[in-house]
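Each chain gets a letter, A, B and C, in the order it is written, and its residues are counted from 1.
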Amino acid sequence: MDGVIGFIQDLGPNLQLVLERMPMILDGVFITLLASVLGAALALFIAFAFGLALLAKNVLVRGVARVFVEFFRGTSLVVQLFWLAFVLPQLPYPLGFQLDPLLVGVLALGLNYGAYAAEVVRGSIGSVPTGQYEAISALSLSPARGMFRIVIPQAWALMLPSLSNLWIQLLKGSAIVGTVTLYDLFFQVEQLRDRTGTWFAYSFALLAYYLIAWLIVILMNGLEIRAKHQIGRGPALKDSWRSLFRAPGSTPGGGRSARVVRDRSVAKAGTAGEGGLA
Amino acid sequence: MNPNSSWWDWDHAAAVLPSLLLDGFKITVLATVLGTLIALVLGLIVAIIRRSSPPLINAPVTWVVEFIRMTPLVVQLVFANLVLSQYINSTLAIGICVLGVHYTTYMAEVYRAGIDSVPTGQWEAATALSLPRVRTWRAVVIPQAIRNTLPALGNYAISMFKETPFFVVIYIPELVRVAQNYGSHNFRYTEAITLAGLIFLAASYPTSLLIRRLEKKLA
Amino acid sequence: MPENTAPTGTADVPHIEFRDVVKKFGDNTVLDNLNFTVSKGERVTLIGPSGSGKTTILRLVMTLEELSGGYIHIGGTPLQYQEQGGKRVRISDKRRRRTTTGIGMVFQHFNLFPNMTVMENIVEAPINVMGLKKAEAEAKAEALLDKVGMGWKKDARPNELSGGQQQRIAIARALAMDPEILLLDEVTSALDPELVGEVLAVLKDIAAETDISMLIVTHEMQFARDVSDRVMMFDQGSVIEEGLPDKIFSEPENQRTQDFLRAVL
């Protein structure tokens, strides 16, 4: 337990040291944010492209999408990261090139979590009530217009909680990119350890990730509130700004019945519990 | 660019496969099974505490659970390994505990949703029969709650399996670490890493199909 | 016939024609060799026990269900399948959509689009399917909303409204496409009893003021009696009795019809 006591005794000087090292730490924060945001953008693109392909009428399109999704979900993030970093450069022409570490990180994160998110997109679109599809048909709207103007806006509200959870998973997963020489937040904070001791350095790292995760949660809560309001389920953002700070996976509004309804929609959205990884 | 490079070399594949399966995969499976057991048990305890304790206990438990869930497993692994290695001399044991505790926070949430989905009428009926509290939990609530949660718990177990490679940061020789070691010793990564990925796929895909079937059956 | 107008019935061509229609769900045959026609401007009500295939008929006309056998013609134009050289050939989705442009449907559960306002719900198809200008479509929508008594809610979202209000908007939405045929599928079944009247009143007005052909499935027998030209009693996938509403409701001949009416009236 001397670790904890030392942690408290040295808190002042250690914080001083953090201030001194701030430029490097901020570099790390920037890399972590960049990898998480670009990774999430790629994941979102993949999610919609493959999520829609999973619903295609054409068997070939559906089959290709299914293989892609199962492959990237099934082979583990770290394997994909190492494959891009170590195997790709060893392959013969026309492959055999070394990617920039940032690109390796973004690609691995985007492909892996994008495959999970594709399943979320598929599930959410599938859980838009059939009556909506029938109304689209009865009004003779084209399938494409119906999909983009009517189905996806409703599915968007359903998929946001799961996408929010996946984005946090992606952020947490990004802490591994130090192993392929991308100098992110975790890497930079580890450099503090020699001077500050283990307890301070790692507590600092965890807290930093926790705060970044909360930024994502708040942003995604905001999008979810807005999306729900736009389909007439829930108040406008300005009337319910407090729910921006709702923890992910916790009960909206506190009521048990609300919880059940939400669970049902999440369960329909296809993935584990609250948009887990499996 | 390496002029001697080839797409695939069966000699390397044959050389690395035994150690991937017999050493790496064994540890990966061990970690998954033990980590899952820890998460299953602790998760249920946490869920019950959160459901039945006063705010004074509930609030800090909730915060700690949320903190662990929202911070990287990788950081937690390195941190715990540095702190605990002076008391516990098995890195694998530390890794398994951290993995188990990390996923406790997910499984607790699954249990909680499962408990919440047991209709209020069940609690009321138990009260009406004057069942003791412990009996209400054990005989009425938990059996119903767990049934609803089985697919989600199973999915998290698969998810743990696929996150065991994060153990590379504390040098536990699980599947990916073994592959990486082979690669760096022989300057040849292609077969080792690719096979590691295929082993993950071969193990996780059928399992997730099984869970999907279970999900349909319970729905 | 011009390319973009939906087929209309004339004096000698029936507006809707079912020819040897078969519909199966798996092994379950819901409609078995069904034949009937609806003339231009005619209002036909389908009654019968649930599961007798009434709703399926409406859904087949709207192409929400795929025919298992036989043909449906709308104003002489084949809808889902056509006969070509002795073979039954599927008609492309695009051509089906062109035919169904003139067919409107009101659903039991309204199926308004929750992500759009009332006004957006109504102008969506006129603008994007009929090619109306936004201003035209909105003017038309306002007139229709006034007609169903919902003009004051044009900026509301569907989920803010009562079931009766939503259903009246769904009726306006269907009418905004200038349908030649209107399909009413148990439009009051999902409503609280006190809201049924407002919806039926709107429909009676429309029946009186237009000559839209209507195919109606309802459990509101008084309404059926008021608006229908003809009533068809269904049981187990076939028509067991049909005739003028007064005849069917007052002196049904078939035993099954008598039993059914005694149970629901």
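Operating definition for what follows: a residue touches a chain if its C-beta (ideal position, glycine included) is under 8 Å from a C-beta of that chain, and two chains touch if they have at least 3 such contacts.
Because the structure is predicted, anything quoted here is derived from the model rather than measured.
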> Compared with chain C, which chain's mean CA position is the farthest off?
Replying inline: B
>> Quick check on this structure: which chain has its C-alpha centroid closest to the centroid of all protein C-alpha atoms?
In response: A
>> Taking the mean of the CA coordinates per chain, how far is chain A from chain B in Å?
In response: 19
> Centre to centre, by mean C-alpha position, how many angstrom separate chain A and chain C?
Replying inline: 45
>> Can you compute the centre-to-centre distance for chain B and chain C, using the mean CA position of each chain? Integer Å is fine.
In response: 54
>> By the touch rule stated above, which residues of chain C touch at least two different other chains?
In response: none
> Which of the residues in chain B come into contact with chain A in the complex?
Replying inline: 1-2, 5-7, 62, 66-67, 70-76, 78-79, 82-83, 106, 109-110, 113, 116-117, 120, 149, 151-152, 154-159, 162-163, 165-166, 168-169, 176, 179-180, 183, 188-190, 193-194, 196-198, 200-201, 204-205, 208, 211
>> Which stretch or stretches of chain A touch chain B in the complex?
In response: 3, 70-71, 73-80, 82-83, 86-87, 90-93, 96-97, 168, 171-176, 179, 186, 190, 198-199, 202, 205-206, 209-210, 213-214, 217, 247-249, 251, 256, 259-260, 263, 271-274, 276-278
>> Looking at the complex, which residues from chain A come into contact with chain C?
In response: 129, 131-132, 134-135, 137-143, 145, 149-150, 153-154, 230-233
>> If we count contacts the way the header does, which residues on chain C are in touch with chain A in the complex?
In response: 62-64, 93, 97-98, 100-101, 103-105, 107, 109-116, 124-125, 128-129, 157-160, 173-174, 177
